[in-house]
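Below is one structure. I have some questions about it.
Chain lettering (A, B, C and D) follows the sequence in which the chains are written, and residue indices restart at 1 in each chain.
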Amino acid sequence: MTRKKTASSDGQAVRKQVRKAAKPGMGKAAYLEALKPMQERLNDAARWLAHTGRRLVVVLEGRDTAGKGGAAYAISETLNPRQCDVVALGRPSDRERSQWYFQRYVPHLPAAGEIAIFDRSWYNRAGVERVMGFCSEQEAKVFLRQVPDFERLLVDDGILLFKYWLCVDQAQQEARFADRLTDPLKRWKLSQIDVQARERYAEYTRARNDMLKATDTPHAPWTLVDFNDQRIGRLTLVNHLLSHLPIEPVPQTDIVFAPLRETPLKESYGRGHAPIEAHRP
Amino acid sequence: MTRKKTASSDGQAVRKQVRKAAKPGMGKAAYLEALKPMQERLNDAARWLAHTGRRLVVVLEGRDTAGKGGAAYAISETLNPRQCDVVALGRPSDRERSQWYFQRYVPHLPAAGEIAIFDRSWYNRAGVERVMGFCSEQEAKVFLRQVPDFERLLVDDGILLFKYWLCVDQAQQEARFADRLTDPLKRWKLSQIDVQARERYAEYTRARNDMLKATDTPHAPWTLVDFNDQRIGRLTLVNHLLSHLPIEPVPQTDIVFAPLRETPLKESYGRGHAPIEAHRP
Amino acid sequence: MTRKKTASSDGQAVRKQVRKAAKPGMGKAAYLEALKPMQERLNDAARWLAHTGRRLVVVLEGRDTAGKGGAAYAISETLNPRQCDVVALGRPSDRERSQWYFQRYVPHLPAAGEIAIFDRSWYNRAGVERVMGFCSEQEAKVFLRQVPDFERLLVDDGILLFKYWLCVDQAQQEARFADRLTDPLKRWKLSQIDVQARERYAEYTRARNDMLKATDTPHAPWTLVDFNDQRIGRLTLVNHLLSHLPIEPVPQTDIVFAPLRETPLKESYGRGHAPIEAHRP
Amino acid sequence: MTRKKTASSDGQAVRKQVRKAAKPGMGKAAYLEALKPMQERLNDAARWLAHTGRRLVVVLEGRDTAGKGGAAYAISETLNPRQCDVVALGRPSDRERSQWYFQRYVPHLPAAGEIAIFDRSWYNRAGVERVMGFCSEQEAKVFLRQVPDFERLLVDDGILLFKYWLCVDQAQQEARFADRLTDPLKRWKLSQIDVQARERYAEYTRARNDMLKATDTPHAPWTLVDFNDQRIGRLTLVNHLLSHLPIEPVPQTDIVFAPLRETPLKESYGRGHAPIEAHRP
C-alpha cells in the first residue's frame, strides 16, 4: 500500500503508466473463440439447474470500471433471460434505507432452477457506501458482522453462492475512466461520484481488505480475479465458475421438426399495412 | 394468403427455399459500423429522456424467431440498465391469469426518464395465446377491443409509445428454427410449443392482421419492419425510432478529471488473498 | 352553495350547530343488531365470489371524517382477510408520482374471487390533491378525462365496481374533528393538512361536484350515501351493495366434525416453558 | 402429554368438558373498559416509534382457534393502518415454495417507525407444515436451525421483536371449532384441514415444544400467553408488550383548530345527484 513518491511524478510518469494500461490485451477474435465453448457449458449448467431445481447466485464486486457489467454479460448473454436475471439495483429509496439492510436484496434471490447475477450487491455497504460516507462506520461494522450469517442462511438453504472480486490497478482504472469520458456510448457510466471515487483508490483497497477479512468464509469464500485485461478476466471467472459447479449431464429434451409439407409462406398483410422501407446504410 | 400447391412440394422445394433463406445478408462488420452512430443517438435520446422526465415504451412483437430479443439488445446494449429496462415476462401465474389482463404489465411501465422495452407484451393475447388456444376467442375479442383505450390512457398521460411488428417469411423462420435446433447456445429458445407454432404460420398471419386492424390507431400506430435480414431489420427499426423521437439536444453534464497527482497504485491484498491464476486459452 | 352570513355568526351559532351535530344518532346496540344479518349476507356474497371467480371493487370516497374507514370495516370485519383486502395507500413516492397516475392502484385490483375495498382511491386526484394543490389543474383535468375509460376497462373485464361517496355536513365534520383532537385513540388521524382542509369545505364541494359530473357514468355510477349519522350511513351503504350484487346461493362446503374419541388434552410444555401470569384488571 | 383413557370417554365426558370450556369468561364491557387505556398506551408507543424511527415486529403464533386474529386486532384497532400492518399471508405459490424459506416474509418487515404484526409467520414450518406433512422432516429441521440466526440478524439491525405463543386447551379449541361450524360469520375460518388438525392436538404440542426448545433464544425469546379466555389473553398479551417496549414520552404535535368564522355549510350537489334513501332498520 506504500506509495512511491518519485521525482518524476509530475504527471508524466502517471500519463505513461495510464497509456500503457490502456493498451489492449487479448484480441477480440481470440476471446470470442475461447468464450464460445464456455458459453456452451453455461447452457449445460443452466439445463442442469432447471432439471435439478438448484439455485445459483453469482455476486460480482469490484471497483468502478473493474468490469462487473461485462462479466455479467459474458455469463448471461446466451442464457434464457427468464432463467438468468442480472440484478443491478439503483439507489435505495428513503423507505428502503430505513429497513433491514438486506431487505431489498432478498426479493431478487433465485427460485428453483434460476440464476441471479448481482452486478454490485449487498457488499455496497462495505465498499462505496463506507468509502464515500453514505453509511456510518457503525453501519459498516454491523454489516460486516451480519454478512457471514446472512450468507450461511442462503447456502444452508441449498443456494449455490459464488462471490467474485474483480481486481484492477489504478493505472488501468484511469485509462478506463478516460475512455468513458470520451466515448459517447459509455459516458452515462460516469457521475460526479466517480470523480471523487478515483481519488480514493487506497481507501477502497483498505475497505476491500477489511471486507475480505470479515467475509471470506468457508461457506461463502471470495474468489479474486485479475481484470486488468478484461477479456482474460472474464474467461478466468467463467472458467472458475464452471469448474466449481457440481454439474451433471442433463440431456436435451427431444424436439423433432418434421419437414414442412407445403411451400413456405411469405408474410402478407391486410389493406393499408406493409413494412416500412428498409434502412440500408 | 393462398398457398400454391405445386408438384414439387415434396420437400425438395421447401428445403431449397429454407437453405436460400438461411444465407446471411448484411455482414457483421458493416452492421456494427452502421449501428454505432445510432447507438450514440440512442444515448442522446436517453439523456434527453432523463433531462425532460419523458417516458418511453417500445413494444416489440412478431412471430417466433422474428428477432425481438436481438432488436431489444440493439437498443439497450449501450444504455444504462437502470434507465432502460427490457421486460420479458414469463408465463402468468394462475392468480395473474384471473386478474385484469393488463394488470401484470402495468407495473413495468416506465417512471420519469425511463425506457421500457417490451420483448413480447400485452399483445401475446392477440398472437400466441389466440393461435395456440391459451385464451378463448371471446377473451381475444375483449382484448382487441380494450387495447386502443388502454394505450390511449398511456399516451394521453404523456408516455411515448412505439409499437413494432417484426416481419419474417416462413422459409426464413424455418431456417432459424433449424439453427436453434443445432446451436447449443440457442437450443433453450426451442420448446414443444414451437413445434406446433411453426405449423400455424398462416393462422398467425390471420391473427396478426386482425390485430393490426383493431389496434393500429392514430394515437398508437404499428410500424412493420422486415426482419428477414435481422441486421437490416434492426437498423431500420432503430433508425425509425430515432427519427420519431422529439429529441432536443441536452448537453453532457460536465465532468472534469484532474490528473492524478501521484503514481497510480496497484492492487494489494491482505494476507492470504490474491487473484486466482488467469485462464489463458 | 350560498353561504348565509348572519349577524349571529359570531361563533355562537357555529358552536351550537356543531354541538347539535355531535349528538349521537342511532344507538350502538340497534346498529349491531341490524348489521349482523347484513354481515351474514356479505359472507354469502364472499362465498359466491369465491365460487364464481368474480371480482369485486368497492371505492369509498368522501371528505375527511366522512367515515370511509368505518364503512370499510363494516364490510370487511367478518370476512376472510385473505379474500377481502382493504387498500389504504399512503403518499406516493417520487418515483410513483412520475408514473402513469393509475399505476400504483392497479396492482391492488382483485384476482378471481377477491374483494378490494379502496379506502380513498384514484379519486384522490379529483379531491384532496386538487383542492390542496398537490397536483396541477391540468393534471386534475387529465385525470377526470381518463377515469371513465380506465373504469370501463375494469368493468368490461368483468370486475364488479361500486363507487360510494360518503356525505357529511360541515357541522358534523367539525364535531368529528373536535373529537379527534381530544380522543387519544383518534389523534393520529389529524394532521396539519386537516387544519387547512376544514377551511375549504366549499372548495371540496365544488371539486366533488366536478368529479360527479365527469365520472358518474352508466358503466361506473356513483352512489351518494348520507353519513351524517355514521351507523345509518354504513347500514345504507352495505344494504345498497348487497342488493346490487348479482349473488346466487352457494352452499357451504360440507364439514363434519366427528366427536373426539378421547378426553380432550390440556396444553403441556417442556421444561422451563409456561404461560406468563394473566393480567386481570 | 399422557392421555387418560377413562371408561367414560365414550363421548359424554368429552362433550361435558367442551361445554364447560365454551362458557364465557370475562365480560365484554369489562374487557373493553380494561382495553381502552392500553390502546391509549399503544398509541403512545406508535408515536414513539414514528418519532424515533424504531421498528416493531410482533409474531403471533398458536394452534387453530387460539385467537391470533383477535389479538392482532386488539393491537391494531386504534392505530394508523398505514403505520401498523397486519400480515396474514396465504399459501405460498409454487415459485415461492422453491425459494429461500424466509424470502416471502422479508418484504413485510417494517420500515422506520412501522409496526408489522404477523398473524402466523415463518413459524408455520415448525407447526402446521410439519404436523400436516406440508414440509419434510428435513426441511423442518433446517428451519429450526436457521431461525435463531435469521432473528438475530433482525434484532441486531435494531428491530424490536416480540414473539407470542397463544395457548389453548383442546376442550376450548373444540368449543371454538363447534362455534365456527354454526356461526355463519365465522364459517369461512373452517376448512378440511381443520378437520384433520383437530385430531392432532398432541402432535401440535410436540411440535410446539420442539420449536420452543430450538427458538426460545435470549435475543428473541418466546412469551406464552394463556388464551383459554380470549379477552384475558389479549389483555395479558398487550400488557406484556407495552411493559417491554422501551417507550419514552413523545408529545403530540400541536394542532390548533380556530373556530369556523362562518355558518357551517351543508352538503350540496349538482343537478341529478343526491344521496340515496337511508336504510333505517
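The working rule: a residue touches a chain if its C-beta (ideal position, glycine included) is under 8 Å from a C-beta of that chain, and two chains touch if they have at least 3 such contacts.
Protein names from UniProt, one per chain: A, B, C, D = ADP/GDP-polyphosphate phosphotransferase.
Fair warning: this is a prediction, and the values are worked out from it, not measured in the lab.
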Chain labels contacting subunit A and also subunit D: B, C
Most distant chain from subunit A, judged by the mean position of its C-alpha atoms: C
Distance from the mean Cα position of subunit D to that of subunit B, given in whole angstrom: 48
Distance from subunit C to subunit B - Cα centre to Cα centre, in angstrom: 43
Distance from subunit D to subunit C - Cα centre to Cα centre, in angstrom: 23
Residue list for subunit D, restricted to those that touch at least two other chains: 95
List of subunit A residues in touch with subunit C within their complex: 93, 95
Touching residues on subunit B, where the partner in the complex is subunit A: 1, 3-6, 9, 11, 13-15, 17-18, 21, 26, 30, 33-34, 36, 39-40, 43-44, 46-47, 69, 78-83, 86, 88, 90, 167-171, 173-174, 177-178, 181, 184-192, 194-195, 198, 201-202, 205, 209, 212-213, 216, 222-226, 229, 232-233, 235-236, 239-240, 252-253, 255-257, 259-270, 273-281
Of subunit C, residues touching subunit B in the complex: 53, 55, 95-96, 98-103, 106-107, 109-113, 142, 145-146, 149-150, 152-154, 156-157, 159
